[in-house]
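Letters A, B, C, D and E name the chains as they come in the text, with residue numbers starting at 1 for each one.
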Amino acid sequence: MQNHILSIILFTPLVGTFVLLLIPGENKNAIRWIANIFALLGFLISLPLVPMFWEKRFEVGFKFIEGAPSNWIPSIGAGYYLGIDGISFLLIMLTTLLGWISILSSWTAIENRVKEYYAWFLVLQTGMLGVFMALDFFLFFVFWEAMLVPMYLLIGIWGGPRKLYAAIKFFLYTLLGSVLMLLGIIFLYYHHHSVGNPYTFSIPALYQTAPGIEFKYAVWLFFAFFLGFAIKVPMFPFHTWLPDAHVEAPTAGSVILAGVLLKMGTYGFVRFSLPLFPAVVMHPKVRGWMIGLSIVGIIYGALVSLMQKDMKKLVAYSSVSHLGFCTLGIFALNPAGLSGSVLQQINHGISTGALFLIVGVLYERRHTREIAEYGGISNVMPVYATITMIMFLSSMGLPLLNGFVGEFTILQGTFLENWKWAAWAVPGVVLAAAYLLWLYQRVFFGTVTNPKNEKLHDLNPRELLCFAPLIIAAFWIGLFPKPFFEILEQPVNKLVTQIRPNYPTAATTVNASATPTAAAPSADSAKGTH
Amino acid sequence: MLGQVAQLFSPTDYLLSLPIVLLTIFALGILIIDLWVPAELKWFNAVTAFIGTLFSLYIVVKIHFFYLSAPSTANGLVGFAQSMLLDRFALYFYYLFLVATLIAILTSVRYLEIEREHHGEYYALMLFAVVGMMCMASAIDVVLLFIGLELMAISTYVLVGFLRRDRRSNEAALKYLLLGAFSSGIFAYGLSLLYGLTGSTNLFAINQRLGQLLQIHPKDPIAIIALITTATGLLFKIAAFPFHQWAPDAYEGAPTTITGFMSVAVKAAAWAMLIRVLFIGFAPLQNVWVPMMIFVSIATMTGANLAALTQTNTKRLLAYSSIAHVGYILLGVVAFGSGQNPAAADGLKGILIYLLVYTFMNLGAFAVIASLRRRDIIGDEIDDIAGLYSRAPFEAVLMLIFLLSLAGIPPMAGFLAKYFIFLSLIESQHYVLAAVAVLYALFGLYYYMKIASAMFMRQPLEREALPVSWGMRIALGITAFATIYIGILPEQFIRAVNWTLGLNQVSSVISQLK
Amino acid sequence: MGEITVLHYLVVAAALFILGVIGVLTRRNVVIILMSIELILNAVNLNLVAFSRLYGLHGQVFSIFVITDAAAEAAVGLGILIAFFRNKETINVDEIDLLKW
Amino acid sequence: MLFLENIWLIPLLPAFGAALMFFFGRKLEKRTVSAVCVGAVAIAFIMSCGAVWQYTDYAHGTGTPYQKTMYTWLGSGDGHMAFPRSFDGAPSEFKAEAGFLLDPLSSIWLLFVTGVGMLIHIYSTGYMAHEGGYYRFFGYLNLFMFSMLTLILANNYVLLFVGWEGVGLCSYLLIGFYFHRHSATTAGNKAFIVNRIGDAGFLLGMFTIVWYFGTLKFTEVNALARSGHFQIGDHVLTAAALLMFVGACGKSAQIPLYVWLPDAMEGPTPVSALIHAATMVTAGVYMVARSNAIFVLAPTAMKTVAIVGALTAIFAASIGLVQNDIKRVLAYSTVSQLGYMFLALGVGAFAAGVFHVFTHAFFKALLFLGAGSVIHAMSGEQDMRNMGDLRARTPVTFWTMFIATLAIAGIPGLAGFFSKDEILWQTWASEGGAYRILWFVGYATAIMTAFYMFRLIYLTFYGQPRMSHEVEHHIHESPKSMTIPLVILAVCSVFAGYLGFPHSLKGSDRFGKFLEPVFAKEVKVLEAERPGQLAAGEKEEEHTSGTEYLLMFLSVAAAAAGWGMAHRSYSRAARDYREPIAASAPSLYNVLYNKWFVDEAYDYAFTGRRKVGDVRFGVLGLGDASAWTDTNIVDGTVNAAGWLTRATASVSKWWDKWIIDGLLVNGAAYITLPFAYIARLTEWGLVQWYALCMVIGLVGFVFYYVYR
Amino acid sequence: MTPIATPFFFYLLAGTMIIGGVLVITRRNAVHSALALIVALLAQAGMYLMLYAPFVAAVQIILYAGGIMVLFLFVIMLVNLERAQKERQFNRIWPVGLLSAFALGLLFVGVYSKGKTLLPSEMMQIPESSNTQEIARYLYGNYMFAFEIASLLLLVAIIGAVVMAKKRI
């Protein structure tokens, strides 16, 4: 169990797919049951990982290593090589959870071609998990791309009116990024060889040699990777595939898309861009650009979503804004910023996932997402209204809910680097409140004006079951995030030491701050002020 | 006198010619038996051809094992007075040809019945074409090379025009023939100049003499003309810009099964020839043909991809896509031409793997399209494939697999092929070229996904289910399985290619090629 | 009139080659295009034989093969032409117009 | 130490009540609901009394704060998310605890918040008896109590911020309690968003502190600030102080962020009493007082605070003069009183400011509750022009409100007098020269306050009845549950003042003494800050009481004057009475009545809810702009790229068509001939065209490689 | 014995060939072109003789002039159209074709004039008496395999021609 748990988690959904294929497509309910069972199974199986990981949370390096470098295709040095650290652990848990929820949520939403829907969904699940587990670039890339296909089909087959456009746009746009990344990977691989090592795709091995690449190449490599991740995140100029994809995708698709797929971009930044090209990342110009794009994303996304007339589009743009916070935290490049960013990725997965579910609930009942169509919903669906309020609050970063913890930590970390950055980013918090509350007012408050809305029935138990874990998670992270911080502590500090060796990653004495020491201001701290 | 004959025809020659001889015998057999086979039992010819191919394959395997057993044959055996070299390289291509032929035969039966053109000649010609290919792959004497080329070419002309009542088929055949003959004329002209320069018809001898010649006069214009005219012939056969325009027409007009066969086996043979001629014969002129190939490959990718974007006919679209693939493979040539290892090795490896993978995925794709053919419907418009999922889910999924593989999405095999090409480019510092190549991969994705979305996301025009013959099923099964299997567990295939190229061994084909 | 060297033959062959090319490029009548191709092949032959004057018989042998090939191409080409003619009642090359971009 | 040990229960009890309401409230009946909620607050009140009492002999005068840390909330706990703090580069830890702190300052807030809160809960049981969403209301109220108590008891800034945002949320929910009314929900949004703006500033302030001090704990921050490492006027500290003051402005409705408070009166009256008068709005004061250690090191910030406070005071008062909605009058008076408090803080009279908060809590709550009971009596009518002569019909309400009015107007002997007088005196005493202006401002405000308060009293309780008849004979005194709290509060607002009985009146300023440990050192710093003044202060010492008496007398006079004016113009208000100001200076009246058109200005400039012509400015304008950009430019580029590719792909086709069409359209053959020729060239499908391409390629290659 | 008046015969034959070639590609009537081609081929046979290649010359006459051209004439008769002669003989793009072909020719001439020194000038003495035997030796020696394949080539040509031309198989 200990040494195969990753594979088990990884392939459970795939097994589900094959089981589904055996069932005739007519009896939809059987299919639904099987799919849900396997999705839940995927989640339950991932639960034992939690205590196992908790014991090892402070151990250095990757844990639950499975397979070995270049044991898969020895002659090119690719390996079936899995392993996780705190960052990927959290994202894996998020994936399994959201996968289950979104499959549960599409029980009634999907009526035609049910079988393939669930089949593709489970394949997608495996793909996403693989991305977070792979310790081998080849494997990573395989999962990274393989996951596009099911998503493409999910959008394209079960999507809305402009599904074809959205699907192909999503596919092309993401592939555009990843192909250049492939070149980057190959370059690293070749460089690793050219400095006298055997060919290998093993990521830990490449960590050793990649920083040695001379700067003028490293910059190009960084941008090759950057494009791939920035499109995935999506960062500001590359975000336009997102609204289309979200608006057209079925609810569950949006949940997964926002909840997990976007995280792959940020995960990529943390896992690859930072440790592989420390020099480039620390280069003030590059870093300035990254931060700048993030800030623009935050403000711009918020402003645009302020103006949307379609709920789903609004939420989509809001996640552009939120992911802006994530990238901001990443490029703050200090423990606070990084761990805040990862935590915020989890939070975004939870709250935005919930928001898409919320939109989906209404859409399932009324088949429209026009805000103008609604109003006074809280009269007819009080429970739903309450849950929505909670999730909106968590998404706008209200304390004691998850959003706040992430955003606060990120902004704190950013401020420590340069107060201007934080100052520019903070308005995003205000705007978030603005567009969410305005949306809430227009949809839920007031009296029911539209006769179609009078008959809406409140959430049924299944839907409640979808929301329950998310709400619990939201409160948990909001009230007691310490475990998450502890899980993130080791990998984050490792990253920081890799990038800026002279950065103190551990306070010498816990209460150092109480008694001022006469130490001269160090280089890093000086950076912040001027 | 007899002694002379015995000395002219050695056991080695016997061994080397055996696969070819077997194919020939079976082809002739089919031609004769066909006279007695009644119209409704014509599938018997197919069986015969299949068996013949299997026999030939068996012999090839035997040779393979003989090579494995005898390390002295690391560089293969030379036979027929230096005119034929059956090295591992040739062996590899033999495998490709034979497998492609087997699959093509499987797909053909029902197709031809529907077309009401089910004749033994079809299979005979196919086998003769394979004979030609084998000669091309194993010839190191330009004469044999040329004859083999022509044998293959002429058989293919006929096969393309085999649907004599179908105008498109006629046209395709005629165009293909005119252009083919024209190009082979130019090719022959180039060969003659080559002979004139070096006084020999043996590629290795040519290599040496040309080397000496260029030592004396670098940039010898006649040599360059010889190169370019020869290259015209070669590039025409692999359908590279600007000699590619025959391909879409021929592919569209030809019987779909033949289209598959051409796009795979014929092309592979052309590649074998190109590699032999360029890498051996014209090796001294590398500094000339490398930039030329760079230009050609970029132009090919550009033209083909742009052209493919607007196609509404799946066969034509795939034709253009296969031209685009040629562009990619040419990049391997470029990397090889850059000379230094490991780039050269990986470039060549990339070419071979690409051809291997391409054989399966492209044949598969064309097989699916062939299975769309029905009495009244030609079935090669995108509208015909629309909503295929609801009519034949199995085939639709397979088609998706082939398309993804063609687009180079992992874990399909196509990705592996592209991977090696890119790797070799990076290793030979052709970064820009690599970037261009990957960006063109996006174009590819776009038009492949056009087909995919037609299959999965559109409603079918008519809902009747597709009858799929057993042969077709087997063929699809094999190709799809291979496409996925090579994608997921490519190890032994890569090993095989390494063995073929004698990499990580005492004597390497590469060193011998250069 | 000086000594006749191989080069003279080459030039003649080249002229023949070009004539063939012109024919292929300009004529509408498929039969004549095929003949032009024969011209090209003859140019090749002339080259080969001329060169064989320098290097020995290989060239002549090669030229025999080329002739064979020419024969085969002509035969098949004409056959295809007849099939085409049956369907289309024309032998004009620019009336081959079903297949286009 | 029972209560002190379990101090964490104090906020948790209401939280528990709230949770109960949210989960099961719909099923419970009103009695249980009120039992649970009121009970929770009552217990909390008792516990806090106990806690404070225990604290007094825990600290016995030294004022050492009592701290209790529950667990590490933010940060991984054992010093592993570190960073070099800025001012000396010592590695310090990013960390925030869920920890509670009790010291004189917080205990004062604790007492009156729980006390007033409890009373208002009781009051609400009567007031809301006939409203829908009873459980929801009490759930929100309890939630509010929880947040407010967290705010008060937090031992670090982040936890304080938790309460800070929490109370903001609750005020949002409670303002929008009648969510059918669009105006109500809009007001709620306004309140929340404006508060958010302030919070943004507060956040940045906190970050500055962390970055500079490396910690967020009050004790550590204060220790560092007082450790003498920083000279007065340290820029970073000034920045931090100002940023935090932005937060305070948002929460405590100071210029320019006061706009939300008047609209907040959309909520039920008890809410206005509890949140928008007594407790929440004083959070800003609390926060500034809490971080006095930093403020005193930043004189600029102090001055800003003082000036903003004074301006707000007089500004709001001026608006209050002419408002007709009874609750709005009180709202503006709240704003102006808050202005007073900040004025006090600004001039360094922290104790005085806090004292005013304390007293103000009682009488302003009382006023609001009274107003509520009036509205209750008037069956929902809020416009004072339609009231009058309620004196007899609702005696309790009248008398209690009258007392409160006396208090707020600063009639000697009541709470307001002591606190306000203290502030004015400190203002006069602390700063010299130009800063005396602040005193005059405060003084003018005092007059205005007296005026509009008595205007309210007269219009409501005196004169002829101006209401419609059916309303008239529904008028009745409110139930006990409402009147009892009124009475209690009235008592408080009479006697609360005596806690701070000034020395000058031979009193012992218990209040000041109690707060001594929290502020004492500040006073010293202030002295150090302006040695010049110090001498003056010494000089003043002997005749100080003289000035003080004079000022005291003046302020009494002010109150009297206001009262007098109000009496002259409103005591006999008939149905057709005229606003004296409107009569004398209509334009001024108009401006005041429209609140100086501030909301309109904001709508034009910042929110963009109103268009200038048909151009939007402000945030919505930006939103429009960026939405447009997104669809047309950013996404446009993407689509254009795709389109362009396909265009180039099919260009030859078009070319042909286009030319042929061109041919047909204009028969000018001689022009189009060459084009047509090219068009025919590009006619695909012609074999010889392919061959031609081959030959051209051949030529090209040969030319390139031979004749290069 | 060495040939006499080599230059004269050379230019004579060359002229005949070129003219024949020109006629081939310019004649309106396909039959005339065919005849012109025959003339050119015969002239070329003469050249072979001058180049000491009697066997090739013979093959040229027998196979080409005798075989292939007859095939051509047959086909021409078969598909002969009055129409074909009346309408224009050159396709639309002929100017460009001509141009590019001439360009190619010019390049060739240029190249030959440049590279004339590269070819070995002294000619090898080939015994013409034993020419045929030698060729046979080559055919059955070095080129045996190619020779066999060539037989297949012809076979395929026959099959192809039959398959294509025959109405029903």
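The working rule: contacts are C-beta pairs under 8 Å (C-beta built on N, C-alpha and C of every residue); 3 or more make two chains touch, one makes a residue touch a chain.
Quick caveat, the model's predicted, so the values are computed rather than measured.
Undergrad: Tell me, which chains sit next to both subunit A and subunit B?
TA: Touching subunit A and subunit B alike, sorted by label: D.
Undergrad: Name the chain pair with more contacting C-beta pairs, choosing from B-E and C-D.
TA: B-E
Undergrad: Could you name the chain whose CA centroid falls nearest to the centroid of all protein CA atoms?
TA: It is chain A that sits nearest the middle.
Undergrad: Where the centre means the average of the CA atoms, what chain is farthest from subunit A?
TA: E
Undergrad: Farthest from subunit C by Cα centre, which chain is it? Let me know.
TA: Here the answer is chain D, farthest from subunit C.
Undergrad: Report the inter-centroid distance (CA atoms only) between subunit D and subunit E in whole Å.
TA: Centre separation, subunit D to subunit E: 101 Å.
Undergrad: Measure off the straight-line distance from the CA centroid of subunit A to the CA centroid of subunit D, and report it in whole Å.
TA: About 35 Å, centre to centre.
Undergrad: What whole-number Å value describes the gap between the mean CA coordinates of subunit A and subunit E?
TA: 72
Undergrad: Roughly how far is subunit B from subunit C, going centre to centre by Cα mean, in whole Å?
TA: So the centre of subunit B lies 26 Å away from the centre of subunit C.
Undergrad: Please set out, as single numbers or ranges, the residues of subunit A touching at least two other chains.
TA: 172
Undergrad: In subunit C, which residues are in touch with two or more of the other chains?
TA: 6, 10, 17, 20-21, 24-26, 34, 50, 54-56, 58, 61, 65, 68-69, 72-73, 76, 79-81, 83, 86, 93-94, 96, 98-101
Undergrad: Going by the touch rule set out above, which residues of subunit D reach two or more other chains?
TA: Only 653, 683-689, 691-692, 695-696, 698, 702, 706 qualify.
Undergrad: What chain pairs are in touch here?
TA: A-B, A-D, B-C, B-D, B-E, C-D, C-E, D-E
Undergrad: Within their complex, state which residues of subunit A touch subunit D.
TA: My answer: residues 169, 172-173, 237, 239-241, 300, 303-304, 306-308, 334-336, 339, 376, 378, 382, 386, 393, 398-400, 404-405, 408-409, 411-413, 415-416, 419, 422-423, 426-427, 429-431, 433-434, 437-438, 441, 444-447, 479-482, 485-486, 488-489, 492-493, 503-514, 516-522, 524-525, 528-529.
Undergrad: Help me check something: in the complex, which residues belonging to subunit C touch subunit B?
TA: 6, 10, 17, 20, 24, 30, 33-34, 37, 40-41, 43-44, 47-48, 50-51, 54-56, 58-59, 61-62, 65-66, 68-69, 72-73, 76-77, 79-81, 83-84, 86-88, 93, 96, 98-101
Undergrad: Please name which positions on subunit B make contact with subunit D in the complex.
TA: 174-175, 178-179, 182-183, 186, 221, 224-225, 228-229, 231-232, 236, 241-243, 245-246, 249, 288, 292, 306-307, 309-310, 443
Undergrad: Which residues of subunit B touch subunit A in their complex?
TA: 342, 393, 400, 404, 409-411, 415, 419, 422-423, 426-427, 431, 434-435, 438-439, 441-442, 445-446, 449, 453, 456-457, 489-491, 494-495, 498
Undergrad: Provide the residue numbers of subunit E that touch subunit D in the complex, in ascending order.
TA: 91-93, 96-97, 100-101, 103-104, 107, 110-111, 114
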